[in-house]
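The same chain A turns up in both complexes below, where it pairs with chain B and then with chain C.
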Partner chain A sequence: MPEPTVVEVSAAWAPPAALLLLTLAWAGACLDGLLGPAPGQGRVRALRRPLTETARLLRQPRRTLVGADVMLWRIGGAGLVLVALLMVAVVPLGRWTLADLSVGIVWFNALDVVVWALVWLAGWGPNAVHSLVGGYRFLAQALAYELPLMFALTSPAVAAGSLRVADVVAAQHTVWFVVWMPVAFVVYCLAVAGFSVWGPLSPAAGADIAGGVLSEASGPDRLLLLGGRYALLAAGAAFAVPLFLGGGAGPLLPGWAWVLVKTVLLLAALVAVRHRLPTLRPDRFVEVGWMVLLPLVLLQVLFVSVIVVGGS
Partner chain B sequence: MGLSSWVAEQAVAGAHVLLVDVPGAWAVRVAAEQRVARRGWQLALSPADADVLMVCGRAGPQLVAAVDTVWEQLPGPRARVGAAGVDEVAAALDESARLLGDETHQCDDARERARSLVAEDGHDGHDGMEMSGPGGIALAGGDMDRDGLEMDVLHVPLGPVLPYWPAGLVLWGSLHGDVFEDVHLDVLDPAAMADPEPPAVSSDPAVHAARSCDEAAALLTLAGWGHAAVTARGLRDMLLAGAPADRCVPELDRLVSRVRRSRTLRWAVRGLGVVDEVLAREHGLPERVRGDVHDRLAGMLDRARALAAGQQPTERSCAHGEPTAVLDALPHLLHGVDIAAVRLVVGSFAVEYGGLSAEPARGASHA
Partner chain C sequence: MLEAIVFWTLGAVAVAAGAAVFKVDSMARATYALAVSFVAVGLALLLVDLHYVGLVTVLMMVMEMAIMAVYMVMFMGMNPALMPMSMVHGRRTALVVSVGTFLLLAAGALLVPWPSRRDAPPVDVTAALGEALMGSKMLVMITVSPVMLATIVAGIVLAAPRTRYDRFGDDLRGHPADDPQPGGVGRR
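What follows is the complex of A and B.
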């Protein structure tokens, strides 16, 4: 097995990387049409949905409300896509990466915290009740998933003895981390759903508050919010690959292809859960986050630490 | 021209429709939902998300006024249509598609709106801004919430144009953060509701079963369980299409056991809106609303199953005074409760006025 080394490519590769992420986000939206509950609506229609939705939103003017904080609202809306793009900058695609940061994992963690501000602003901006309640809900939920997420990110870093994503990949050349840190992996996936306002962790955009943080957005603003959700989901799936799923390791195919295949599979899994579980109400999820997830993931870190210390 | 008309065509192919429920016109709303799905369109959750505003049934003056306000909130291109009966639904949606695709009409509409906005701005000028917030809206006052925290208080209504909300109902309350207090309920167009002549009631148990499935679907949607909601809605459509009992009943059994088994659901809605012995006796509430939201949801599905299996409709169809009892009791259950719980509790009572239309919704799904 060749030693997986990572080369930092020039910044000129950023636009193609962005395009790749948006393609993944688009694929996620198509998968959502296919895997979601849509009786009586053919497959073709479901696959066409992202296209019709985009056309529809591009045709709409953006709206403002009386007393809206337009600038903050727009920042919240446009920021999600940007954060997702910055997240994938540290994900190695096989041998190549855009930024081989020595603190890649912290970089990702910092960005997912930025999502707190962005979703809150998207809820706060329009000066409307349902939207604001959506913002509150997101913050409450974020309080529940953020600490478990931090410790879930810590486990691979402890095992690899490094915060550099490339080192984490290299440390998995024998066994993928998902095998011996499943709790951290599950918590990580849950948190990805959390910061993407997705599935069971989407009360901030719930039907009971008329779409919450989405309720007042229209036109390009809505497109950016919806696209941002898919982009975050795709970025979260992509980051799990070097962290837990062995990066580009795999038979036959080249490394970059394996990264893509694994990303798409995890993305599909995340998309598929969307409608299959009831929404977790933030006030009750906080309890789970602190009383169940946090102790579990701490035990996971302890377990990993003991193995690392014992093995060295 | 080529590109913009292509974009318009794509956009119309995926339009979002905001349906306005009118009391007593359940069958029309269901027919509209079915038609919307068959066109590959989607239901909107809020005015900002909608291209089409469709009133299902004959709205009274107060509801029409509310619809007018909502209409102003659609971003446009937009179309406003109505269907008084089940047989008008298809034509209304066709008309909305035509309006949405009509570029000249939409341009005129947008210009007209811009003009009326400018005219309004000229009116309010700069008077009385000192005590008010941005845009001349009064700032939220502060007050203690149920936990003694000082929070901004907003006085807001829920309804009447709100998906998965009882037709014609408006809830007024003060919102501390996301917690409601001082709740009271209003029924729009009470004159129309107080019709001395009880509305015609369908005697077909399948229609009643379908109604129960629809209520359960709405509640499951509010609980954020899309898959189960879609199943319940599918069952509703099967029942309305006259599917035989031996096809519907096993499906319903599966759904009932799925809902009863789901720990996540029970954990999310348990203990909400508990109707105990005392409250039930005090307000003369029927047996079927005892327990919490989860009990009532399971009750809806059990009832649907019994009706689908051929049992004759009983309390439901003749309970003309019951909505009033529920409306009296509801504020007691909604005090100091967060907005999600308010929606679930109100949804679990499935308040309805105007009875169940005798107008057959049957055949609507295969017309």
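What follows is the complex of A and C.
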């Protein structure tokens, strides 16, 4: 098989790419509704829920709070969608990519760290207790998933000998990285749930603190926060495809179609995780992150490095 | 032309956000104004094709400021800095020192006879940086790392209110440790 070459398309393709990501996020929200319909709600209504909820939130007046830091609150709320959009800029859709950065993996990493700031700001902004607790929870948990995530991102880069996403795809033309770095893949997926405040890593928006960072958000702000979570999940799933799942490699279908198929499947799995796994208590997860995940993923990097050095 | 516009915009943002640190009245705003300033500097580095250094600057600074905000709110306020408060003290001295430092550094940047480039830049700047750090400067790196790690461990040991005698008993035989907070890996 010839090595797939990646071409940079013009910036005019950015709006369609953004639309594609938002469509994926939408599909994720629909699937979430299907998997866990509210009591007394049929499947059709559950499927329509993202639409009705969007319409409701767009018309809902914003809640005003005493002493809120409105500027920081709005930045925190609006930023998640923006970060997700910037993340997919370096994901090649088959042969095409918006930005063929020489350090695409670092680009992704820098953006997922920006989520730290955004979620904390969304928690700080409203000047409310539960919201603030949510923001602090997120930071504690972020410290525990971020280092494992960094080394999970390092493994494919070490194997490909490059931080360029296109080179990582090209390096998988024989074996997909998920096959021989499964630990890195699982840790990566867990971290995607982490920076999307999702499923097992969603205590920052937990029901035990009345919704945490979401508790005071209303109207368009709430829509951006909820939509941003799905957009981040979709962006994380999309980035896993060139990193671990062979990019556009696959039989019959063209490369771009395979990228979409793999993204949708991983996104569906990530959405489904919320309905299969309990939310992890942040104080428990922090220790697991540092004591279990970090050593495991370090061993994974060592394993990959030994193979790369031995094979060359 | 476009590059010049981007550079001057980023420069203006960096200086303005840096100044905002002292104008705003909340620890959160001050911290994140500083973060914006650092991000502008990191993005300016991308203009000279230092892609890795630029993005890592953004990554590290946003991470540091997110953590620093927590500590600023905890320790820097009169009573945890959840209320609006002034970001300055020792106003006159601080102003003189900071303006003096700025002028000194700016004068240095403008007046030093910078050497002109002799060779073409390496094709892969990131790889060249890695080789420089891990090659000739490796001794410095492997000396600095243990020192930093020892500093962190010492800092935690000094700051932690509970010692091993609290955790394991006077004869250090009380396993598992008696901790006020349960962990996630089986401690009770």
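In this section, the second predicted complex is superposed on the first by the 308 of 312 C-alpha atoms of A that agree within 3 Å, B and C clash if a C-alpha of one lies under 4 Å from a C-alpha of the other, contacts with A are read in each partner's own complex, and residues count from 1 in each chain.
The rule we apply is simple: a residue touches a chain if its C-beta (ideal position, glycine included) is under 8 Å from a C-beta of that chain, and two chains touch if they have at least 3 such contacts.
Predicted model, so just to flag it, every value in this text is computed and none were measured.
> Applying the document's definition of touch, where does A:Ala110 land relative to chain B and chain C: first, second, both, or neither?
In the superposed model, A:Ala110 contacts chain C only, not chain B.
> Who does A:Leu277 touch here: chain B (first), chain C (second), both, or neither?
first
> For A:Leu163, using the defined touch cut-off, is the partner it touches chain B, chain C, both, or neither? Pick first, second, both or neither.
second
> Looking at A:Leu72 after the superposition, I want to know if it touches chain B, chain C, both of them or none. Which is it: first, second, both, neither?
It touches chain C, and chain B stays clear.
> Which partner does A:Arg59 contact after superposing on A: first (chain B), second (chain C), both, neither?
The answer is first: A:Arg59 touches chain B but not chain C.
> In the overlaid three-chain picture, which partner chain does A:Tyr136 touch, first (chain B) or second (chain C), both, or neither?
both
> According to the stated criteria, A:Leu19 is in contact with first (chain B), second (chain C), both, or neither; which is it?
So A:Leu19 meets neither chain B nor chain C here.
> For A:Trp124, using the defined touch cut-off, is the partner it touches chain B, chain C, both, or neither? Pick first, second, both or neither.
second
> Taking the two structures together, which residues of chain A meet both chain B and chain C?
Chain A residues touching both partners: 69, 127, 136, 280-281, 283-284.
> Under the touch definition given earlier, write down the residues of chain B that touch chain A in their complex.
The touching residues are 7-8, 10-11, 13-16, 37-38, 40, 45-46, 48-49, 51, 73, 75-77, 110, 133-137, 154, 156, 162-164, 175, 177-178, 220-231, 234, 262, 264-265, 267-268, 338-340, 343-344.
> In the complex, go through chain C and note every residue touching chain A.
26, 28-29, 32, 35, 51-52, 55-56, 58-59, 62-63, 65-67, 69-70, 82, 124, 126, 181-185, 187
> Once bound in the complex, which stretches of chain A touch chain B?
By the definition above, chain A touches chain B via 36-41, 45, 48-49, 51-56, 58-63, 66-69, 127, 129-130, 133, 136-137, 200, 202-203, 206-211, 214-219, 222, 274-281, 283-284.
> Which of the residues in chain A come into contact with chain C in the complex?
By the definition above, chain A touches chain C via 69, 71-72, 101-103, 106-107, 109-110, 113-114, 116-117, 120-121, 124, 127, 136, 139, 142-143, 146, 163, 280-281, 283-288, 291-292.
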